[in-house]
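You will see two complexes here that share subunit A, one where it goes with subunit B and one where it goes with subunit C.
Up next is the complex of A and B:
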C-alpha cells in the first residue's frame, strides 16, 4: 500500500483528470493507495537555505505520517511535490542538524526512512512495463509522442536519482509499451519557464514555446508531461497560435488511460479489485473536500 | 664518544622560525656533545669545511646535522664523513626544516621542537653502528614494457648503446596509439610514415627481442637483478611457419568490432592489428573464435598452406633476468558515455576524436573519408568539444590532457584541406599551445577558418529533424550569449587516462601511482624519469599526459638512465640491511614470509649447551637481496632482527631522550 500525497495543484485542478486517471490506473493495476491524512502543501519550492528549517516542516510532517502509516512509501503525482519530498527526505537522511531542529519542533526523530515515489517510478518499479503491456486494450498506433521532462523530475541528479538526468528515457519506455512511437527533440530537459509565468510571462512563454516548436519540428503529434506547472506553461504559450499549429499537451496519464481502455473501465476494474479485498477510497479525494 | 652538533640556518628558511642560537646553546649541554655550532648554509662549501675543521679540531667521531630533510643532503654529509675517515652512517640528521620551520609559525614553540629533534638525533647517533655496502653485479639486459612510440624509442636507444633489450607489448603488434593516428601536429607528418620505420628498426635490431601478445606477469629482485616472468599469450599461429599471406583472415567467418578502429569497423577472429603491423603475423582471438567456442569451423587451418595454425598452443611463462626496466605502458581514452549531456552513445553522430582520426586515416574504416555514422553522408558542419572529462573535478579528471587543443586544431586544418567547405566550430575553455611551433599551428587553424568559441557546451541533443542533425548548445563567453549550432557531426576530445591495470603493474614493480593513476616520478623536477624503485624508469603517457615529442624525449631519457647503470656495471648494495643476532633468534622463521625480497633463509648454527654440541636453526639475511624495508625487524618476537641504521636500541634511545 502506498500513501498518496495529492499536493495542492493536483487537488485544486482535479477537473483536468490527472488525479482521477492516475489513481484509477494504479488501482486497476493492483497498486493500493490510501490518501495521506491531514496533508499540507509541500512548500512547492525546495528550501535551499541551509540555515532555515521552517521550510522543511510540512514536508517532514507528511513523510513522518507516511512512515507512521506503515505504508510502502509516499506516492506523488506532481513533479514539484516529488522534487520537494524527495530532496527533503534526502536531506533528512544526512543532515543531523536538520534532524535535531526539525525533530525538536515536530517532536519526532525523522531520519529519512520513508521512500518517496513518483507515479512514473511506481509504474516502472512496482508495476513493471510487461504488466502494463498485458493490460493494453487499444494500442496507441500512429501517435508520435514528445515526452517532456522539464526540471523537477531530473535535477539535481544526485538527490533525485529517478532516471539518467541528461538522457531520460522513462516516459518514452512507458509510451513505447503502449505501442506509441516517441520522438527525440531538443529542450526535452529544459525549464518551461516555471513560476516566471506570473511575473515575467513573456519569458516563460518564450521558454515553453521553444519546447513546443522543437517537438513539433521533430514530428510530434502530442506532448506529454508529469508536471502541472509545465502543462500550464506549455498550453499558455500556445494560446496565440492558430488552432492547427497548436500541439496538444497532456498529462502522461492520459495516453496510458486511453490505451488501457478509458478511465471508466479502469475504475470499474479497480472497484472489482476492491471488492476482493479492502475497498480503498483511492480515487475519491474525500479527505480534503 | 665525541659528538658534534651543527645547526643550519638554511638562509632564512630555518632561522626565521627557529632560534638557531638557542638550539646551538642547548645542544652544547646534551650528553656526549663536545661541540656545537650554527652555520648559515651547511650544504655549502663553507659549511662543509666548517664541519671538517671541527671534526679535526675537536676529534669528533659522531656528527648530528640539524638541517633539511635527509632526502636532500644526507649523501652530501655522508661523503664528508667518509672523506674524514669516519663511517658515513656516523652522521645523523635532525630535520628541523620540513618537520619544523616550514610547518610552524610560532617561533618559541618551533624552537622547543627543534631542540627536541636535535636531542633525539644525538641520542640515536650515540648508538650508531658502522655500516658498509657491497658492489653487486648488474645484468646488462633491459626490459621495456609497452611497445608504443615511447617504448620503441627507449628500446632503440638502449639497443643502439650495445645492450640487449626485450620489448614486451600486450597487443599483437607494436606501434601503440600512434599507429592509429592519421597525421601528427604541428607538422602534419603522416603518423605511420614516421612511426613504421621505427617499428621495423625495432623488429630487426640485433639487440632487440620482441615479445608481442605478451604481458608482464610477475617481477621480483632489485636494481641490476630483476627477475621477470613474461606471459606469452598463445597466438595460435606459428610465426616460423606463417608467411603472412592473410588467407586465414580472408576465410575466417567470424566478425567482431575492430578495437583499432574504435569499433567502427569489423575485424575477423583471426586478424592482424593493422596493415603495417610488426610482426605482420596474425593471431587468433580465442574469445571470439568459433573453433575455440564450439570445436567446429577450423577454416583457417584448412586454408593455411604452410600449416601455421596451431590450435593446441598454450600460454607460455617465460622467466628472464634484467638489470633495468623501462615502463612505457601508455594510456587509454575515456569513453565519454558517463557525461550524458554530450549524448555520446545516444546519437551515432557524436563521436570521439580518435574515431574521427581513424576516419581521416587512409587505412581506416572509411578509407580516409569523413562521414556521418548515421547516414554515411559527408558532414558539412562539425562541432568540436574540448576538455571532455578533462579539467573537470565534478564528473571527470582534474588534469589537462594536454594534446587535445593541438590535435583539434589539426583536425580542423585537415578537414579544411581535404573537404573544403566544411565548417568547424570549436568550443574551448582555454587553448593551451605550450610547445615548439604549437601557437603558430593553432593560429594557422584559426586563419584557415576554424571558428573558436570560448565557452562550455551544456547540452548536445538530437534535433529530430529530417537530416537527423544534432543541436549543440553552449555559451560563448566572448559574446556573453547562449549559442546553438545545428551540427552534422560532434567530435568529443575525451580525456587521456591511465591504463586500468596501472596500479597492478606498479605494485609488481614497486612504483606508486598518483591520484589519477599515473606513475609517480622520483622527483617532480629533478628526477622526472626515475621512480622510487631504483632501476625502474618511466617513459611516455603512463607518467602523465604528453604529446609525441615529449614522450620520445622522456623515452630517450629513460634509456640513458638504463645505459648509465649498465656502463657502471655495478650497483652499490643497500647498507641499511637487516641483521640477525643469532644468539637471540629462536628460529621461528616468521620473518621469512614477510620479506618482499626473499632475502631471508634458514641456516643451522652449532652451539655448545652443557658441554654438548647441538645444532639449531636460525634466520639469516642475504645482504645482497635485502632492501632494508624493516618488515622483519618489526615482526621479530625475540628481538633478534635489527635494521642497520635503525636498530631497536637507537630507536629506544630516541624515545627515551624525550
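Up next is the complex of A and C:
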C-alpha cells in the first residue's frame, strides 16, 4: 500500500483527470493507494534557505504520517510535489540541525525514513513495464510522443536520483511499452518558464514555445508531461497559434489510460478486483453532489 | 503529585484541597475560590465584563482567554466561561481582535477554491506551522480546513470547521495573517448556499402556506372555545 499525497494543484484541478486517471491506473494494476488523512501544501518550491526551517514543516509532517501509516512509501503525481518531498526527505536524512529544529517543533524525530515515489517510478519499479505491456488493449500505433521532463523531476540529480537528468528515457520507455513511437527533441529537459508566467508572462511563453516548436519539428503528434505548471505553460504559450499549428499537451497518464482501455474500464476492473483502495476519495470529486 | 495527601496524615489545611487559588489578572494578584471559572473569577475580583463575555455557556466564543501557569513557558488558551482557574494562573481576556473582514454577496459567489482565494488571498501564504490548530480551544484541525479551502474542497472545509465558535485565537497566532475562522465561515456559507442539496420540503410548505392552504384550519382553531381546544390538545398525535 502506498500513502497518496495528492498535492493542491492536482486536487484543485481534478477536473482535468490527472488524479482520476492515475488512481484508476494504479488500482487496475493492483497497486493500493490510500490518501493521507491530513496533508497540507508542500510549499511548491523547495526552501533553499539553509537557515529557515518553517518551509520544511508541512512536508515533514506528511512524510512522518506516511511512515506512521506503515505504508510502502508516499505516492506523488505532481512533479513539483515529488521534487519538494524528495528533497526535504533527502535533507532530513542528512541535516542534523534540521532534524533537531523541525523535530523539536513537531515533536517527532523524523530522519528521512519514508520512501518518496513519483507515479513514473511506481510504474517502472513496483508494477514493471512487462505487466503494463500485458494490460495494453489498444496499442498507440501512429502516435509520436514528445516526452517533456522539465526541471522538477530531474534536478538536482544528486538529491532526486530519479533518472539520468541529462538524458532521461523514463517516459519514453513507458510510451514505447504502449506501442507508441517517441521523438527525440532538444529542450526536453529545459525549463518551461515556471512561475515567471505570473510576473513575466512573455518570458515564460518564450521558454515554453521553444519546447513546443522543437517537439513539433521533431514530428511529435502530442507532448506529455507530469507537471501541472509545465502543462499550463505549454498550453498557454500556444494560445495565439492557429489551431492546426498547436501541439496537444497531455498528462503522462492520458496515453496510458487510453492504451489500457479508458478510465472507466480501468475503474471497473479495479472495482471488480476489489482493489479499489479507499473508495471515499479515489474516483469521486469531493464536492460533487 | 507530591501535594496529594490523605487527611489522616493531618496535613495542614492548605495542602488538602485548596479552597482558594492565587491568580494574576493582567499582572495583578487576586486570591479567588478554586471552584470558579476564569469568567467568574474576574467578577469575583471585582471586574465587570462588558466585552469578551457572551453566552457564558461555551457556545458563542466571545470570551477567549490567554493564560500561563507559574513558571511554565507555554501559553495556553481557553474560553473564560469553560475553564477553571488554577494556582499561579497568569491571564488576560482578549476583548477584541482587529481581524480582517471582507463583505461579499453570497448570491454572486461560486463555490470554488479560486473564489475563496479571491476573497481571502492570504490563505495561500499558509506556512504549515500549525499554530492555529495548536491554539484552538475547540481542538479543531484549523490548518486542515484551511488546506481544504486552498484546494477548493469547500464542503470538507465546512465540515471540518463546523464546531468553530469564531473566538479568533487562530488568527491571533497566524504568522501569515490568515483569518482562519472567517475563511471557515465563508466555506460553510458557500456549502450551505451552493453545494448542499436543496430541500424541497421547505419550499413546498412555504408555497402551501402562501396559497392559504391552512387558512381554514387556522380559522377553526382561532374560533374554537377553550374546552374544545383542551380536548384537541389532549387527543393530539404524539410522535
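FYI, the second predicted complex is superposed on the first by the 274 of 289 C-alpha atoms of A that agree within 3 Å, B and C clash if a C-alpha of one lies under 4 Å from a C-alpha of the other, contacts with A are read in each partner's own complex, and residues count from 1 in each chain.
Assume a contact is a pair of C-beta atoms (placed from the backbone, for glycine too) under 8 Å apart; a residue touches a chain by one contact, two chains touch by 3 or more.
Because the structure is a prediction, the values reported are computed rather than measured.
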item: Superposition on subunit A - do subunit B and subunit C clash or fit; value: fit
item: Contacts of A:41 with subunit B and subunit C, given as first, second, both or neither; value: second
item: Partner chain in contact with A:11 - subunit B first, subunit C second, else both or neither; value: second
item: First, second, both or neither for A:185, with subunit B first and subunit C second; value: first
item: Vertex subunit A angle, Cα centres of subunit C and subunit B, expressed to the nearest 10 degrees; value: 130
item: Partner chain in contact with A:258 - subunit B first, subunit C second, else both or neither; value: neither
item: Touching partner for A:165 - first (subunit B), second (subunit C), both, neither; value: first
item: Contacts of A:55 with subunit B and subunit C, given as first, second, both or neither; value: second
item: Which of subunit B and subunit C A:218 touches, first, second, both or neither; value: first
item: Touching partner for A:196 - first (subunit B), second (subunit C), both, neither; value: neither
item: After superposition on chain A, the shortest CA separation from subunit B to subunit C (Å); value: 35
item: Of subunit B, residues touching subunit A in the complex; value: 339-341, 343, 346, 459, 461-465, 471, 473
item: In the complex, subunit C residues that touch subunit A; value: 111, 113, 126-130, 141, 143-144, 147, 150-156, 175, 195-197
item: Contact footprint of subunit C on subunit A as seen in their complex; value: 8-9, 11-12, 38-41, 43, 54-55, 57-58, 61, 105, 286-287, 289
item: Subunit A residues within the subunit B interface of the complex; value: 164-167, 183-189, 214, 217-219
